[in-house]
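Structures given as structure tokens follow.
There are two complexes below, and they share chain A, which is joined by chain B in the first and by chain C in the second.
== the complex of A and B ==
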């Protein structure tokens, strides 16, 4: 048998975390969109100003780089001013349904029993409701409007959050560290929200980001169908609807809002996936 | 037919993980690789079958019966397919996860046979071949139609052995093949392997952290630490006269060695005493559905005593502990602590009565909390200030800086120390250790046992120590209760139970604890 050679001390392995290029670009796009959402209406306060004399100008016209629509409104200005309504609603819907999901999902998953049955059947019921159809009906009955849509989408989006949180809480509840917390006779609220919840954060955050993208598309669809925002408001979905008529005279009237909706939705998904992965890695290391 | 390892080394993404190893294994001989987790023994095994994790790479040469194994070409699946199964087979540790749950055992064995022959067999021949393999591992033919979940751990591992050997390899690598099994199954599986090996003139590499497994069943041994071989030689010679201090430490830490020499970590105290018991359980009964897991169990623990409960998985020992702790609700019976009857469930219990230290140190600490926060919370429950955290860490032998770390930064033994500190923070009168050292390496296990013995001396705390291994229990327990199939079959002072086991099952456990071979004709050691 041969001798044993010594190669050297084993270096400690360190993980380098680098931002993937796609995620970096997506973050940049979202940062720009947020900037536009905050400043857009201030800079282009008269974006919705109609000027019949300048109606339906093609892109590249003097003073209107992307042309104008049927009513002579500048496409670029409308698109920038519409960012706020495109982002604010979806973010509120995603955060709102996440909060509902965290509270109801944690209760259902940890307490089990009749509370779980009640909450789970409620989510089953809501999941059976087609989101867009319900929104159209409610808008028709209640007269519609932006904030009615926000409230409605929060309720209709919450079942997926509740289910995901509940599943995560169920999985964590069976772990010994939860039993150790029970051995200390900690209050159920402390066990639920201090011990379990931080361990399902990655699920919650990933799902919230997905919901932002879904809600963005839902809002735009509703505006496109004319039941979202009031006419005359700067909004991508509305702009898309209005631009349809002059698609061949000025394609930018349709493609600019459409591309913006797609781009923001994709970027939110990319960033959401990445955040979810990062968060779940923190949990993985512990296993 | 000889297996030759020539300067086999493993490189990780950040440098060498295992330094070059050379060895020769004759047909019918067994080479043991011993070491604790992180010593590189499993990486070495995986490099021989081309299953290294991504980013790892092997160098050197391996030849099995003259055929070169492509150790350097990790990604070349075609080359590996000619080797895996046909020249080299791998037997894994955990029979609960190494078989596919959705396929019948017979099919899983047949895949290996067909894979080795490179063709599908007709129905009848396939069935006959499978039954022949099952017979070799002493299993009845009906096992072929069973799904893995229908079999016990020992039977599953036999199926895994049959599947691993179905392709008639020349080298079998067994990676901790009995670690996940009960004591009574361990010896049987090892003897079975030994028998088949002799019949087939098979070369075996046996990987284990357990010296008891290696003793008497292997010819040569390599002791590994931090990716380096620190000692090598004939097994009997190395175990009898270890040259390296690490090998000596491993041997001293081995509970079997202690069991044979009678060494203990704390003096055995008279647990029967006239004093009123701290805890008295009477007729505790519990059923899960139609299955009775606790059948009128009695248990008594004197103040400051260490009482061991021994039994295999499914014997009800953990369920009893959980009923005492209030994590399960017993169906009938009484649990009395210090004269006060406790109703079933956690609701009637306070943290200063009893605490549990669980088996798995990797899931018993909240991964999102720092060690300091975990201990501060437990101290807070008893109204103690978080300024006592450094003192608690010191008590369990950890430096105060650990308060800032998260569980992921700690080793298994360190985490178990934290779990013990957390359990002691509310100053309980009874500490329940539910298989608390079973998941740890032998040397770490000895450290934790010594810590428990010391804490009993210093704090006068009573400990209910649950284990499947009598060799471990006898190192610290004053009294032992043996459970089998939900019943207490024997109970008494530790030395009495060990020296004069009355029940047949206890005798089996004592033999397993001493690692006395089930087949004395083995002739080794």
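== the complex of A and C ==
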């Protein structure tokens, strides 16, 4: 079966495009970050170890290349150890809201009718809610924590996914191949998830990448405001917040985690944009 | 059509007000203790609180009396500040409004022309710079930008104040410059993207080609296109607005501005529920009102919609 498909695709001329330098660099940075996320806690398992005698050392001190914070914790070790916490939440949020978006968006776009109305009103409502405000209020008043924040952000991020998937599904539903699939009396689930869904993947993947960047920013913002990640956890947002008190003694305490957050968010954005362009071009060529 | 929209907005606000009211019950711990804060809990005070919030009545009655209070400006008492919530908000609303307005004006003044240029010369150096800036603006958390500016201006370039809200008038304005610039970066990034996308679409359309073929000057063509592009830009206002709400909290916290954002943050951390409820609902009302205005502007901007309205009326 798969062989036949490959032959069918062959006549399309495949041009090899060179990877833009910026995107290549961004991919390298992200690969490094992932490596740090996996290994960071193993290598620097005692990164949160406090040593009051070595408190607030400036960058370039012996044994502490980026200095220490006011509790004597090494800035570099904390930054590396905090990668996992900084990346895992945003990725879960992006994947979770993407799954919500695919299910609800496909249903709304294909089934239409009252289900579509209901889902669309729901997304309208959520889109009018400022993500940060809702997250602050809920996790602040009801007692938050990391996983409450994750769940909350999944719900608050989902409307953009739902809308994008719905628009894509609407556009695909009008095409002849869907009519053909319906004529073969395939089940609606098969039509939705085996035939339509693969054709809106490029939209879904691009938006998911962008959501990772937004979620990273949202997470660190919540840490900055004192809700979200618990004190004493290795996390970039938390580290930055704690570092504010000694910003003028050791700027690295603030700007190292800040730089890491910005760098990862920029790289995710760059790679996401590039993947989006690639996928939509592949789609165009195959048509 | 307008009436339907207004009704829809009122419906949404009604649902939200129930959610906000329910916050009182969803907060962990005993409700009376939460409402008392750190006042000593002797029976008289407890009875007073129970009477004030009508805790012995059915929930529906409690909700209605709470809602009536909100609508008539009686927002309850802040347990943290020991003053009426309405006064606490009144004291701080000016600085937040000024900050948002300043940031909005700055970002529109820079971002709209930049977005138009980017679209007209797509792929050129302005476009690439604009694109890079908007990616940076979207990726850099507001507080990270704020802290960087704060550090630079406190340490290397001490020409602008970096802490607090000043003594009013021009002094306050000076205190607002850095927070406003901080906010404007993220805001501008969104507006550049919206403008560029909308302009690109318009510049590809037939009427632009026709206008050019008639020999209209490029400036005039751009103005024509921008008028049409204004519709999706204004419709994107909700995106801008929700960013602005979160961004204000962050910017105010970074620069220790005594505005609504810091009030919200402090109240949340203190579990000062009356203040949190009032602020949340207030923000919801403001957002709904601005979204409504944006929708009406949409009608004014699009002659086709206007004509339909006229025909229907």
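Following the convention adopted for this analysis, the second predicted complex is superposed on the first by the 272 of 287 C-alpha atoms of A that agree within 3 Å, B and C clash if a C-alpha of one lies under 4 Å from a C-alpha of the other, contacts with A are read in each partner's own complex, and residues count from 1 in each chain.
Keep in mind that, in the parts below, contacts are C-beta pairs under 8 Å (C-beta built on N, C-alpha and C of every residue); 3 or more make two chains touch, one makes a residue touch a chain.
These figures come from a predicted structure and were not determined experimentally.
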item	value
Chain B versus chain C as contact partner of A:195, first or second or both or neither	first
First (chain B), second (chain C), both or neither touched by A:45	neither
Partner chain in contact with A:175 - chain B first, chain C second, else both or neither	first
Chain A: partner with more touched residues, chain B or chain C	C
Partner chain in contact with A:117 - chain B first, chain C second, else both or neither	neither
Touched partner set for A:187, first chain B, second chain C, both or neither	neither
Contact set on chain A toward chain C in their complex	125, 127-133, 136-137, 140-143, 213-214, 217, 220-221, 224-227, 240, 244, 247-248, 251, 254-255, 258, 261-262, 265-266, 268-270, 273
Sites on chain B touched by chain A in the complex	6-7, 9, 12-17, 19-24, 226-229, 232, 325, 327, 346, 349-351, 354-356, 358-360, 362-369, 377-378, 381, 406-408, 419, 422-423, 426
Complex contacts: residues of chain A adjacent to chain B	1-2, 4-8, 10-14, 175-177, 179-186, 195, 198-199, 282-283, 285-287
Interface residues, chain C side, partner chain A - complex	12, 15, 23, 26-28, 135-136, 138-144, 147-148, 151, 154-155, 238, 241-243, 245-247, 249-250, 253, 264-265, 268-269, 271, 273, 276, 280, 283-284, 287-288, 291
